[in-house]
Amino acid sequence: MSDTQFGRYGGQYVPEALMPALEELEDAYERYVLGNEDGFLDEFRERIRDFGGRPTPLGRADRLSDRYGREVYLKREDLLHGGAHKLNNALGQVLLAKYMGKERIIAETGAGQHGTATAMAAAHLGMPCEIYMGRTDVNRQRPNVFRMRINGAEVNPVDIGRGTLKEAISETMRDWSRTVEDSHYVIGSVVGPSPFPRMVRDFQAIISEEAREQIRERTGGLPDSVVACAGGGSNTMGMFHEFVPDEDVSLFAVEAGGSSLEVDEDAGVAPNSASLSTGADGVLHGARTRLLQDSDGQIMESHSVSAGLDYAGVGPELAYLVDEGRVTPVNVDDDAALEAFHRFSTSEGIIPALETAHAFAYLEEAGDELGEVVIVNVSGRGDKDLETVIEETDRRGIEAAPEMSVFDGGLR
Amino acid sequence: MSPPPSGDGTEPADELAAAFADGPAFVPYLVAGDPDYESSLQYVEALARGGADVIELGLPFSEPIAEGPTIQSAIVRSLEAGMSPERFFAFVEELDVDVPLVCMTYYNLLYQYGAEEGSRPFVERAAEAGIAGFVVPDLPAEEAGPLRAACDEFGLDLIFIVAPTTRGERLERTRERVSGYVYVQARLGTTGAREEVSDRTESSLERIDDWDVPKAVGFGIKTGDHAERIVRAGADGVIVGSALVDVVAEGVEEGRPAAETAAILEERATELKRGALRGASEPEAEQP
Amino acid sequence: MSDTQFGRYGGQYVPEALMPALEELEDAYERYVLGNEDGFLDEFRERIRDFGGRPTPLGRADRLSDRYGREVYLKREDLLHGGAHKLNNALGQVLLAKYMGKERIIAETGAGQHGTATAMAAAHLGMPCEIYMGRTDVNRQRPNVFRMRINGAEVNPVDIGRGTLKEAISETMRDWSRTVEDSHYVIGSVVGPSPFPRMVRDFQAIISEEAREQIRERTGGLPDSVVACAGGGSNTMGMFHEFVPDEDVSLFAVEAGGSSLEVDEDAGVAPNSASLSTGADGVLHGARTRLLQDSDGQIMESHSVSAGLDYAGVGPELAYLVDEGRVTPVNVDDDAALEAFHRFSTSEGIIPALETAHAFAYLEEAGDELGEVVIVNVSGRGDKDLETVIEETDRRGIEAAPEMSVFDGGLR
Amino acid sequence: MSPPPSGDGTEPADELAAAFADGPAFVPYLVAGDPDYESSLQYVEALARGGADVIELGLPFSEPIAEGPTIQSAIVRSLEAGMSPERFFAFVEELDVDVPLVCMTYYNLLYQYGAEEGSRPFVERAAEAGIAGFVVPDLPAEEAGPLRAACDEFGLDLIFIVAPTTRGERLERTRERVSGYVYVQARLGTTGAREEVSDRTESSLERIDDWDVPKAVGFGIKTGDHAERIVRAGADGVIVGSALVDVVAEGVEEGRPAAETAAILEERATELKRGALRGASEPEAEQP
């Protein structure tokens, strides 16, 4: 079944009860998404334009360009409806579920961006929707929880384990095992069993389709490099996909280095989320890929200051492209990401998501490998992260961060 | 290497086949090492005394996507008490029971074991420890090629699950690869004890009526009465997990001595086994 | 000086010290904005596209269209960078200040949207920036305060009076009186002394330029009506401007009816912000316009659940168009706005600003006067309003609002 | 109607011209009704006793965009104590002082007064109450046509402010419309007492050197010494507001009896008036 795989990665490691649903999805993906049956793709393109706000612009970052002596361009997925690239996929899948005759949408969420995007897409298309979210994430991403609820979605906190994305995915799979006949599971990144990684990538590839056109209009050529943060890797694959055949374009996937790349085997904790940089082959959430795991194969609790990168796995296609040498995995730590968050906000007037801030932190650390023209994918905006950033900035004494003494009685 | 034993009965491994040979089998499940290594040994032995024909032993994995809350908690208890693949094999070797043991775990643990890549080292070690077969809930027949080969090499059975949604080609593919017994999932969802037996059991059993492997039904079976009805519906065995894990959990909560919990487990096993037997012995009420 | 006026409204009622600055601004406005000197307008259009994300889409609201039996189209200013129409003006003025050689930006803000937009534009263009914001608004619009600070702007809380927009404008004028030689005051709506009302309208008119094109592409004709909320009136004038000559297009300005249209003269409080519907002629903040005032001419404390509409005045051009019968002023109360907020969020998958929710509340109340094809300006997104909405919804027992019991220990 | 009196001295209203006639004038400012009607009457009378030549009386407006924090607070106190245009006129009529009174307020209050539209009713009533002129900080010469006309009709002066930024054509326009005296704003910004006198005063005075109306300097003058230097720089009068309003505020804060605050105000006025006189009598140190 090699079309479920990318090299040795990918596959369909799921409970038997879900296999028929994956077959059904594979079929629908081929007919509607690849074959544009019933005009699915036309409707998707129209809705992602009129509801989502595509195309998103490609803009020059004047002050960062000066700072680094390169031409830095920003692909502005933060301007997509909902505030992140996530809607490209969520809208695609919810629409597909509708074409498939499903009656209910479920999804997991980490940072809450995918949950928000799914809730918005489901409301827009009139589908009932339930979102699973780890308890830790519920509490650290409150605005997104509000947004999901206000869009009419149920939010189910997951109390298992550390209560982050990994647990939320497991729990959503459990729901799906129960409800697979009439529910569609809108997975939030290029992870999970086949055909999800390919399908999510195809919905997200619109990012690089546009960016490749736009940079040619702006500069007359292709960029020297493309930089995107990588959690599960959906903004990453979306930003890379159309450039993969352009061999002169270097592709950098920036992972969350967390507080350290060392792992604590005894505690089962990896204080980072750098599965491409430090992980090993394994099977998680339906796919074979690179994982943070201990020597027994138990999945580690990952860590990142950014909830959306806080995941022990990564998309199988990205793992494959790294093995092939096409994508270079790099990583930056929490402090560097926070500094980049503030640097970018004050110098460009765009508040990035903490996830995205990792990509900018890499610009600061990188050398000549970036070349002269760089595109950075601004995968999302930082509104959801304000409280976290302020607390973490304060706790760590990050330089160049603004003071917050304007409120009556201080911050809270 | 011999050709793979299949649902059509070509060369089933002896141990498991034997367990189903004389009437309906009672197949209890516990998580090995729950809540700790020593107590768990007693519990598994109690099940054997209570009449188990096969015992499924869970080797805990951190992401048990097929389990409901009861077994998830048991897995957390066991992992926190230090269970690992190595200790699991020691556990199996130390167990004083006379029934075949099936290892139920997730694919990543099989995959990571040993220096060599793939599941072969795990299977080799399991065979050595005396394991009779595997249930791997996140490994559908499509992905099971390498594990099936390793099981054949070391003479172990590989049990697959048939779900209410499994039909057509997929049913065929599973039939080709299954051995030991087929695990018939009584309802959609995750593991967990229920008050009612699902209607879908009968139709699931019908779909695989002509398979030669024994058909054991699991997911949601709680009482002797359930067991009786399942067997009456045509099952060759009943698999009971959460209802027994609940007894362990209660013991932990109420601070019961292990021996006492073991006694309750034995009693519960006896009741379930009796239920299963009732289902086989008496004629069905509404037989056409 | 009739070019400072709209009929009898408008003018330049400011301290003498500011008059030379208004002359300088008038001159710069004519040269750069109207005359495109030094390519100002080209640069503005390019930046509002690449940094701001223009054009914003015009999308059909499927479920509202069904509900009302009309074709309801949404002009999506909520997708503009910063989350509201405010950036059109803020970017225009900050860029203009740069062309004028100014070195410092000041602005007032109510909801915080204009302050945020100004802080973003200032960061983008490398200008130091200070924002005045009433203390009440600081405390009820916290996320926007965070955003301004994170973009590097100073935020100066204003403790005078009730601490809302009116006081913030007065205080910014005081700053400007002191610093007028090197500071530019980026006023946030079509209010204030000439040339601000015209200039802000011209920057915002890009909304109706696009919308008029877009609706013709979609329907082959013009809409029957256009609906926008009105605080100061900048999203309103921006959305109306190009339609003003189209006499068959009805224009509805939806004001905040607050809790009641009755006023409490003794307390000096108008529990609404409906200056077009209920106000009288007067002079405030540099212009003659319609105001909420008592019989002596003291300005009333206005009220609205939405901070961005909570203002006792309104743009002079809008007052003029109402007098002329070209624009119809209507209003909806706080409860209706909250209900519309939830209705729109759950049925369209777009969380509107509370200001914008007023426009949607009018759709619910309106009759045949709207005609068959309606465009509603979605002036902003509601992320800034989440806490307020949840509290107010709960306090008032608004129907159809989601429950918020997912958090540990409840909401706070 | 007579032609408008102007900065070139055509027909200034008599009262204000007279106040500036004998040497430098001291022009104090208080908010009428601050902190209450009765005390405020005593305070204004104390200023007259202390040597005021003209008194500027603030009629409080809710949005005083030209005022600094000191006068803003006074306005709040006065409004809270019930001050209104009607009461203001009663206040003026009740005052027992012998110096001309100038009403300082914002345009909207003038505009709204009376049944008729525009500022005429207010001016008519002010004239009847005995007001000699107006300062309207948010009414530049460009917008002052109707008010200028009403003042002319009722024989009142209309004082304009000249700011450090006022130059060229705007200066001419103001010159054409001003009467009584011209208010020279010593520095940019809002009202408020300062420690230092601004350098920009002299250059402002130079720019209007050839105007025929008296030049009174205000904004930031606090002490007798300031007053002295301002007059030495060429001013015909000094306007002092915040420094006196501060005395009222202190009285409120410390719960002083009104008579005591009145005494302090009288003393402070005496000192300021003396400073102004010193500026005129002694020869300038660095006179060329």
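Per-chain residue numbering starts at 1, and chain names A, B, C and D are given in the order in which the chains are listed.
One rule holds in what follows: a residue touches a chain if its C-beta (ideal position, glycine included) is under 8 Å from a C-beta of that chain, and two chains touch if they have at least 3 such contacts.
In this text, all values refer to a predicted model and were calculated from it rather than measured experimentally.
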Q) So which chains are sitting against subunit A and subunit B at once? A) none
Q | Contact-graph distance - origin subunit A, target subunit D | A | 2
Q. If you average the Cα atoms of subunit C and of subunit D to get two centres, how far apart are those centres in Å?
A. 37
(Q) Could you work out how far the Cα centre of subunit B sits from that of subunit D, in whole Å? (A) 97
Q: Starting from the mean Cα coordinates of subunit B and subunit C, work out the distance between those two points in Å.
A: 65
Q: Can you check how far apart subunit A and subunit C are, centre to centre, with Cα atoms defining each centre and the answer in Å?
A: 34
Q.
Give me the residue numbers in subunit D that touch at least two other chains, ranges are fine.
A. none
(Q) By the touch rule stated above, which residues of subunit C touch at least two different other chains? (A) none
Q) Among line, ring, star, complete and other, which best matches the way these chains touch? A) line
Q.
By the document's touch rule, what are all the touching chain pairs in this structure?
A. A-B, A-C, C-D
(Q) Show me the residue ranges of subunit A that touch subunit B in the complex, using the header's touch definition. (A) 1, 4, 11-21, 23, 160-161, 166, 170, 173-174, 177-181, 268, 281-286, 291, 293, 295-299
Q: Report the residues of subunit D in contact with subunit C in the complex, numbered from low to high.
A: 61-68, 72, 79, 84-86, 106-109, 111-113, 117, 137-140, 142-143, 160-167, 170, 174, 185, 188-190
Q: Would you mind writing out the residues of subunit A in touch with subunit C in their complex?
A: 49-53, 56-60, 62-63, 76, 78-79, 81, 83, 119-126, 135, 138-139, 142-143, 145-147, 149-152, 155-157, 342, 345-351, 382-383, 386-387, 389-390, 402-404, 406-408
